[in-house]
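Got some structures for you, see below.
Two complexes, one shared chain (chain A), two partners (chain B, chain C).
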Partner chain A sequence: MFGEMIRQKSFGVSVAIFVILLLAPSFLPRFYIYFLAVIFVTALLAMSLNLCVGHGMLFQFHHGVFYGVGAYTTGLLLAKTSLPWWLAFVAGPLAAAFAGLLIGMFCIRLSRLYFGMLQISLGSLIWAIAFRWYDLTGGDDGIHGIPIPDFIASTTSSYYFVLMVLGICLILLYLILKSPFGSTLQAIRDNPERCAAVGINVRRHQLKAIVIATFFGGVAGVLFVVVEGSIFPDLLFWTLSLEIFIMCLLGGWFTFAGPILGAAFIVSLRTFVGTYTEYWTLILGIILILLIFFLPEGVMGYNYRKLFRSRTQYSAEGQTE
Partner chain B sequence: MEGGPAITLAALSITFLVGLSRAMILFIVTSGLSFVLGVLRVPNLAHGSLYMIGAFAAYSITMLFGGGSVGFWLALILAPLVVALISLVAERSLFCHLYQREHLMLLLFTFALMLILGDLTKMVWGADYRSIMPPTILQGSVSIFGSPFPKYNLFLLIIGPLVAIGLWLFSSKTKIGKIARAAAVDMEMVGAIGINVSWVFAFAFVLGCFLAGLGGALVSPTISVTIGMDHNIIIEAFLIVTIGGLGNMWGAMVGSLIFGITQSFGVLLWPQFAIVFPYLAVVIVLTLKPTGMLKSVW
Partner chain C sequence: MLRIEDLHKSFDDFKAVNGAHLTVEKGQLVAVIGPNGAGKTTLFNLITGQLQPDNGKILLNDENISKLPPHVICRKGVARSFQIANVFPRLSVFRNVQVSVLSQQKLSNKLFQPAARLVVEETNRILESVGLFEKKMDVAGSLSHGDKRILEIAIALGNEPDLLILDEPTAGMSPEETTTTMALIQRLAREQGLTILFCEHDMEVVFGTAQSIMVIQQGSTIVQGKPQVVRQNREVQQAYLGDE
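And then the complex of A and B:
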């Protein structure tokens, strides 16, 4: 499987980008290093969501919750206990995956929009608890100044750490998508009825996808703690989930690397437009409308049109019968 | 908890009535969302922003007329119209060109609209907290089982059912209402018998947004009006629509009652985690009845 990955054309490009990013701290100012690290964290989050949305066609409307659960678990363990740091780092993604399993088992029985709505409701429960439980979570203020282990405490070292973890996660995600499991997931996305008919356990596969996606979402949450050193309830709020969802759509949700582009686009917009004006979401809204009207292919990518055209043809044929 | 001093019959009935009046606001907002969802098949993410604009507009109109009773009654009529006008402009200038596209494009558009309206509201009204008084006749409270209950909430308890009956009469007795209902069931057929579908969409969208504005205007004397209220209401409204049954007006009513009453009993039972209760209720409803309480038009 590795061999196939290396033979891909885009593999060379990826390696080149990776090398440039490795060298970046030697020529970029500190602010940009921090900025890149924020993009990496968000990109991993969007990539993990896209495993459900783009490759599994599961309307994971409240993915931010798992990001938040990962960040809160690691942050609380680092700030409130004397456990070794690596245990806290491992606990974050595991807690997120466990939350994903629990919430997923509830939601998986429902279809599409209802799935998303139940997930928003269950996620909002977790948000409300983090928001109100002042004694444990610091309530709406959150917890700031979380002690980060020394070797990744500086901007540059945390940058390298985040880059390494992102690299490993991307390779893992790629391998998962190319594995039989990934192919089955995409087959279920394209035609769930037929997959069920040939004996694939559809819900079991979808639940697996959710657990994997939430695990990586939790990894992104841990990386957030490393970069920012703080946790707060906005990490669990549904507007963040909506934002990541839009990142997947913007970058092209049937592509592998699309969500990274979407994440980079939105984080850059927030960082750079945000320094000039507090009304950066207005600019984002206007850009979105321009994209919808003039560049719909740029929003979705070519594959989207291809898939949906074949699907509408299919349903049209079904109706004429 | 039995026989606890805090939970008396009076406290229970007041809690129930407060929940009921909260449910009326939720119903007015949610019925609008449900109407748009039923006809256009698009979850309008900008609905909460229009509710917020309705509340801010009610504040400004009341202040324009000196902040008194006259100002408030005028605001109650004018603020929803202002919101309807905004939605009409957005619909006719941009939204109506997208009806032939995929649904996801419509959803993205309403998201963009939410972002734009949210920031425009911040530009016009700023980030301060605003509050207005209810009109003189609705100030103060009445006594129910010896406990005070705000008169304004009593007014909400009357307005809510009136709006529900009005909507029901409108959709079952008038021609345009019947067309809109038919469009919710089979859009192509409605187009095939020679009705301009684009205008049906426009009408449904504007009526839905009008209701959002009305809800915003009605809620403005009971809370402090501020930016950010759009994010809270929209998520509540979506959950209510989902547990009620998508596009079903009576479902919106049932969902609002569940949401409002569990919320106010949450405050009575466990104030710190009161916001958890309505979400818990949604989880229970969706676990027992995965497609909502009443029949969905989808």
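And then the complex of A and C:
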């Protein structure tokens, strides 16, 4: 079976990449180690968003908020309380999932585009709180120099920590996607009306997907704190949400690993072109236009079509690899 | 099993269903006929909860289901197919059917078990019984129109329904496909003891298969009865079959 072959091939490639990444700190300069860690964090964020966007067709326009809530919760607990670090780390994703549940409950009543619009409004409220509540959040400046536990404080150790958490999260996301829950979510994406007619409570199922996605978004937020040691309101600003949305589209929103590719690309663009000109988004815009015209299913989606063209191979089993 | 009493539904000023009555006994094959726009599809959408009636009762085993959402009605044993081929286009044929089997067995929320190993036997059995087993790895969107319609029935069967509602199961099919599809429906009714309610354009098909026929015109029921009774009904002859 081709499906089996693709599976084995992509498993082999993943293991190879993982091994290279494990060894990376021994031959890469420190800046690139940090740079890779930033990509990992962003990749996890994009992957969590794609559970909603690509596999659920939920227009989660303001996913950055949950990233921010996760980062702020952990960051504030670390900086302002004497609670053990692991409690702060667990609290971040839980707070993000709770915010996801609250905002999701309102948004889920609306369809598609209106869902996204309402989410932007509600998410902006949370941004406003982080921005304005100066005593707690440090307002515009945010909080810097958050005390990170010693064992993950150095660039290399935080790199390994982020890589490990990313690995675990990717495995979990993969399992979720292949589970009956994920299968049903994809069916809802394709045809919500039909799903209701086979006995599925569509809205509740979508809400669960949002809570799961926001939880992983929160995990990415915690990792951000680990890598950067700081929090600031830009984490919850809608432009960031737009960026990760584009990462999903760019990488291939119907594929499993596409968003990682999208994240790597955009973070690189921001880092390297961003040093030459602050107008790096101009290049992003041009790429986006090209994408819409030539690769509507993203880079990974295109690869699938090209490599495995006939009807059996381009199957639903293969698509989410 | 299913009884509909004086059902009404309007869209703005248009009375789509305006006094419909219908009785479906257990084990029967019941057809609804009527000209285009007579309200057949609206009637079916009302029964399965896609639409809510303005007035009237829909009794399933003596329980009024007229205000319930679709997924709840489905869990009470009513499954349906749609008039336009309504499948999951990006999923494989196998997964199309598996989704409804998973839902039927209340497994849709399992998070960390691979779906590929669940309810495989049940799903394969359904695919075999409708003759789609050979195509189970195909993407549903790539199937021919006729096969999509069959797949629709297979999805509905995944819910192990007591009452199966088919909205024009042979619409858009070639004469041969129509014959095989109707034979399939009759066989399913016989073998699985299903109660089937369907609507259809093709007179020959209806009078050849249905045990009871309900005629609807401009949203109102004219008559319901055995085929020969309906055929002889004067009002039906004038309204629908034309004066001869």
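Keep this in mind: the second predicted complex is superposed on the first by the 282 of 321 C-alpha atoms of A that agree within 3 Å, B and C clash if a C-alpha of one lies under 4 Å from a C-alpha of the other, contacts with A are read in each partner's own complex, and residues count from 1 in each chain.
Simple rule for what comes next: contacts are C-beta pairs under 8 Å (C-beta built on N, C-alpha and C of every residue); 3 or more make two chains touch, one makes a residue touch a chain.
The shown structure was predicted, so the numbers you read here are calculated from the model rather than taken from an experiment.
Based on the superposed arrangement, let me know which partner A:191 touches: chain B (first), chain C (second), both, or neither?
In the superposition, A:191 contacts chain C only.
May I ask you to decide whether A:205 touches chain B, chain C, both, or neither, giving the answer as first, second, both or neither?
A:205: touches chain C, not chain B.
Between chain B (first) and chain C (second), which, if any, makes contact with A:117: first, second, both or neither?
first
After superposition on the shared chain, which partner residues are touched by A:81: those of chain B (first), chain C (second), both, or neither?
Once the two structures are laid over each other on A, A:81 reaches no partner at all.
For A:293, is the partner it touches chain B (first), chain C (second), both, or none of the two (neither)?
Only chain B; A:293 stays clear of chain C.
Where on chain A is chain B touching in the complex?
Per the touch definition, chain A meets chain B at residues 106, 109-110, 113-114, 117-118, 120-122, 124-125, 128-129, 131-133, 237-239, 242, 246, 249, 278-279, 281-282, 284-286, 288-289, 292-293, 296, 299-300, 308.
Residues of chain A touching chain C in their complex?
3, 172, 175-176, 178-184, 186-187, 189-191, 193-202, 205, 208, 254, 311-312, 314-317, 319
Give every residue of chain B touching chain A within the complex, in rising order.
It is residues 43, 45, 94, 97-98, 101-102, 104-105, 108-109, 111-116, 118-120, 122-123, 231, 235, 238-239, 242, 246, 272-273, 275-276, 279-280, 282-283, 286-287, 290-292 of chain B that touch chain A.
Going by the contact rule set out above, which residues of chain C touch chain A in the complex?
Per the stated touch rule, the residues are 48-50, 69-71, 74-75, 79-80, 82, 86-92, 95-96, 98-100, 102-104, 107-116, 118, 137-139, 142, 155-156, 158-159.
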